[in-house]
Amino acid sequence: MNWIWLHKFASPPHAYRLAGQLTPWFGWPAFLLIVTGLYGGLVLAPADYQQGDAFRILYVHAPSAWMSMFIYGTMAVAAAIGLIWRIKLAHGVAAASASVGAWFTLLALATGSIWGKPMWGTWWVWDARLTSELIQLFLYAGLIALRASIEDRDRADRAAAVLAIVGVVNLPIIHYSVYWWNTLHQGATITKLGKPSITGDMLWPLLVMMVGFTLYYGAVLMTRLRAEILRRERDASWLRTELAV
Amino acid sequence: MQAYNFAGLSARDLHVWRGERPVLRGLSVDAAAGDCIHVAGPNGSGKTTLLRVLAGLLTPEQGSVHWNGRPISADREAYSAALSYLGHSDGLKPEFTARENLAFEVGLRRRLDAPAIDAALACVALTESRDQPARSLSAGQRRRLAMARVMLTGVPLWILDEPFTNLDHAGVERLSEVIAEHLDAGGAVLIAAHQTPAIPRHAARRLEIG
Amino acid sequence: MQAYNFAGLSARDLHVWRGERPVLRGLSVDAAAGDCIHVAGPNGSGKTTLLRVLAGLLTPEQGSVHWNGRPISADREAYSAALSYLGHSDGLKPEFTARENLAFEVGLRRRLDAPAIDAALACVALTESRDQPARSLSAGQRRRLAMARVMLTGVPLWILDEPFTNLDHAGVERLSEVIAEHLDAGGAVLIAAHQTPAIPRHAARRLEIG
Amino acid sequence: MDRTGTADAIWLMYRRDLLLAFRHWDQVAQPVVFFAMVTTLFPLALSPELGELRQLAGGVLWVAALLAALLGLEFLFRADHADGTLEQILLSGQPLALLAIAKGVAHWTICGLPLVLVSPLLAIGLGVPMEALCTVMLSLALGTGILSALGAIGAALTLGLRRGSMLISLLVLPLAMPALIFGARAIDMAIYGDVARGPLLLLAAMLVLALTLAPVAVAAALRISAE
Amino acid sequence: MDRTGTADAIWLMYRRDLLLAFRHWDQVAQPVVFFAMVTTLFPLALSPELGELRQLAGGVLWVAALLAALLGLEFLFRADHADGTLEQILLSGQPLALLAIAKGVAHWTICGLPLVLVSPLLAIGLGVPMEALCTVMLSLALGTGILSALGAIGAALTLGLRRGSMLISLLVLPLAMPALIFGARAIDMAIYGDVARGPLLLLAAMLVLALTLAPVAVAAALRISAE
């Protein structure tokens, strides 16, 4: 049943217009939220009692780290839909997500290690969460590399889809094993120190930032989608009428 | 000679894109028992593409391929088991001898014994180089070996992409005769070729594309 | 059209063994300016082997190949620079486009500019797929591209192993015409083929082996 | 004419790949030699300041095995793809997932098993005590199995692409890291005399999971790559 | 019609190989990512303590770089061999040894140089102090150069064999051992604050030697493999 609805929704002309209409509805709120979030985080929120202002990078770090996982999930689901019901649009979503996700992961890593310098006195420690974030970056890298290595777009889509699904099955295993590994060598203590005990007026900018980032992702997705549709529907008749306007 | 019974192959309104450009747009084919279809067309017109779609190696953007009335996607295994495909590449293991190549590749599909293999090799005149690794066979000898594989599978539907390439006169005649016998037995054959194949006792139906 | 001047190719009493068995035993060939030699013989008779020996890719157990009176082993580079070889395999980079394939492979031998390349591509009717990676070209299109490479090198001696494979009628005629022009210009051509090539204005001398 | 039973087909495919491998018997030795080299290489590169190797044994053995197994992977399907026999296999009318298992197992027999068999020697070379050797072998046996399964997916996906081996590593290494962690850990525990049941059980669980999921993924990937 | 000058031919060959590599930008990134992954494997397999890792840093970095460089090697000639372009190159009438150099240098630009450039990041990850970073880069620069030269020989010899990548490793690794030892040593010394002139000079000497001998050997090997 539901996939009939899916097909209808995913009919290129419909999706193209919808994406076009939605873009601003994602874009502007994302912009506003991120601005307020940053303002709240960098200016309004009180300095952390033990970390001083260093902790403020959390407002970029945590949301991007969170996005890195959220996007991988979305991508895997989209890939599965595309693979099973042969809906190219879903592949479009997956394709668009991969690079965005990779960038957020990179951002989490970068901000994290910038944070680590004052906190732990070194740019990098093999803390469980950091390590699993790093492995996640590798997963993204693999996906992007695979996609880019295959010329035929259709094949690239489906190959990447298989990989994304395999990856999402493994993700929990990876996270679990890394934590287990880290707690074995009492390295975990590191993360204990310096985690700010988040109070209310520290928390709301964080949440605002998270919502902002998510919306931003939505906006990017929509624009990337339209590009994908344009590329895939090349000489479709509806496009000619659509673009003639 | 065994007689096959099958309703036949029918492809409806196939659309296939390769890269940025449409190769097949709305093409239809039908092949019943005893049919020999000659797929003709200039270089790059889409013969190989069509044959690969019919063999189920390539899924068309649009359109459907039916075997005995059922879409081939419904039961890939059953369909594959009913056809034998010979592409531009011979599909031989360079390290294996002629005999081993047949033993393994045909063995996957049906039980067969050494005599059957040697008979097939004799039929394509490869008897004296049957224990030579395929790597060291000449282009034409390799093509003959690939053809022997098709013969041995004993399936109703043959899909041959330029099977006469690299064959000498004797080879061409031998192959035509083999195809004729397959048709006599009630099999169906699709042949992509630039010259009209001269099949004894049978007239090839010409399918012009591009 | 440039005129070549060269004394010619002459191979004396070639003996070549492949594996356990002799393929060429005491064979001799001579090719002077304007000669078109058709190497004929059944599958596995040794055509490819002979051509590879003449191209200097294979060293015979016995016998010698002379170019302009000097043994080719004396100065490999000079000899290689004077010949162009087309084997069973097309020798194209799958990931390079048609244009790039020519630019690099021919570029190694002589200076040439984009117009020259496009002209050659137009000559083999590949103009509209000239920016397509060779991998995605059809079998015949690949053969045409390989042929364009031979044309562009502008060397006196062409050694072609079944150049007409996979070509459609138009392609065969085009190629024959190209060969004819090369002969007019005083070049020499050796062709291995199963059908006698119909070269306009020139009679191919038949060399039967095996 | 009677069709070949699925069981026979699987067995045939297995024999075929083994035969192909032994045609170049030297190649069968390669993963082992590579394994041995990396293991011996590593101590050479270490600074003399370091205490005894023993603490590193687990990690070194596993990293070496991981890489040795990875290098072999590319050849799981590539040759078949290049010479067109893969198409014939796809069209053989046998269930592809099962044939994939056959090929995977064959690959393990060629690349994985030998590693397991020589590992005790190298382990001793790294100063691993006798009583830990069977844990070493067990953890590597499970690990190489997981690798062959995961690797098969990578190999099938990267079929016919340039730089296959490199790309495969990129796809497979992240997925294989859990196995690495537990495997190396199991050896460490054994070296320090504890019972390594926990990690080993986890490895076994991963292997089961991989064996159930991989064939389907591989079959799908092969169909995609053959287009 | 004027023949291409040797210099032009070399330059063209160099550009050709670069273009082939950059045809997919990601493939240039692959050795780097592989390098990064292998480096991550060790902490996972050994221990997350930076203190302990620091002692291993030199060895780990070098082994990882060695393997990354090796993996790329296979593609130096194999693709050309497979699609028949190698024959065309042999017949191009240009001095083969020089073309070989061009290909070797191109390979280093693609596989070696990026490793050198990212090595500081990974070194930091392994707890290498800032002031040792330039030694790290220098030793790896020399090392990857040596590897490309040695590797080219291996690649040419193993041309057309299945399992090329693995066989190459087996041929090249022993030859590369000295480089590995001195390179890793240099890094260790730098980590402990000494000046690493000695090992570095030795590395430089090895590089010069390799660069003079390799091209001839490669040319010979290529002719053999092409028959």
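We just call them A, B, C, D and E in the order they show up, numbering each chain from 1.
The rule is simple: a contact is a pair of C-beta atoms (placed from the backbone, for glycine too) under 8 Å apart; a residue touches a chain by one contact, two chains touch by 3 or more.
Everything numeric here is computed off the predicted structure, so don't read it as measured data.
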item: Top-ranked pair of chains - ranking by C-beta pairs in contact; value: D-E
item: Fitted rotation between chain D and its twin chain E in degrees, CA, nearest 5; value: 180
item: Greatest separation from chain C - chain, by CA centre; value: A
item: Computed distance of Cα centres, chain E from chain D, in Å; value: 25
item: Distance from the mean Cα position of chain E to that of chain A, given in whole angstrom; value: 35
item: For chain A paired with chain D, centre-to-centre distance based on mean C-alpha positions, whole Å; value: 32
item: Touching two or more other chains - residues of chain D; value: 24, 79, 162-163, 167, 170, 173-174, 177, 181, 227
item: Numbers and ranges of chain A residues touching at least 2 other chains; value: 135, 138, 141, 145, 149, 151-152, 178, 181
item: Junction residues of chain B - those touching two or more other chains; value: 19
item: Contact set on chain D toward chain A in their complex; value: 153, 157-158, 161-163, 167, 170-171, 173-175, 177-178, 181-182, 185, 202, 206, 209, 213, 217, 220-221, 224-225, 227
item: Residues of chain A defined as touching chain D within the complex; value: 83, 135, 138-139, 141-142, 145-146, 149-150, 152, 154-155, 158-159, 162-163, 165-167, 169-170, 173-174, 176-178, 180-181, 184
item: Chain B contact footprint on chain D (complex, rising order); value: 1-4, 8-9, 12-13, 16, 19-20, 23-24, 79, 83-85, 87-95, 99, 226-227
item: Sites on chain B touched by chain C in the complex; value: 18-19, 41-44, 48, 88, 129, 132, 136-141, 143-144, 162, 165-171, 194
item: Complex contacts: residues of chain C adjacent to chain E; value: 2, 55-59, 77-85, 87, 89-96, 100, 104-105, 107-111, 149, 154
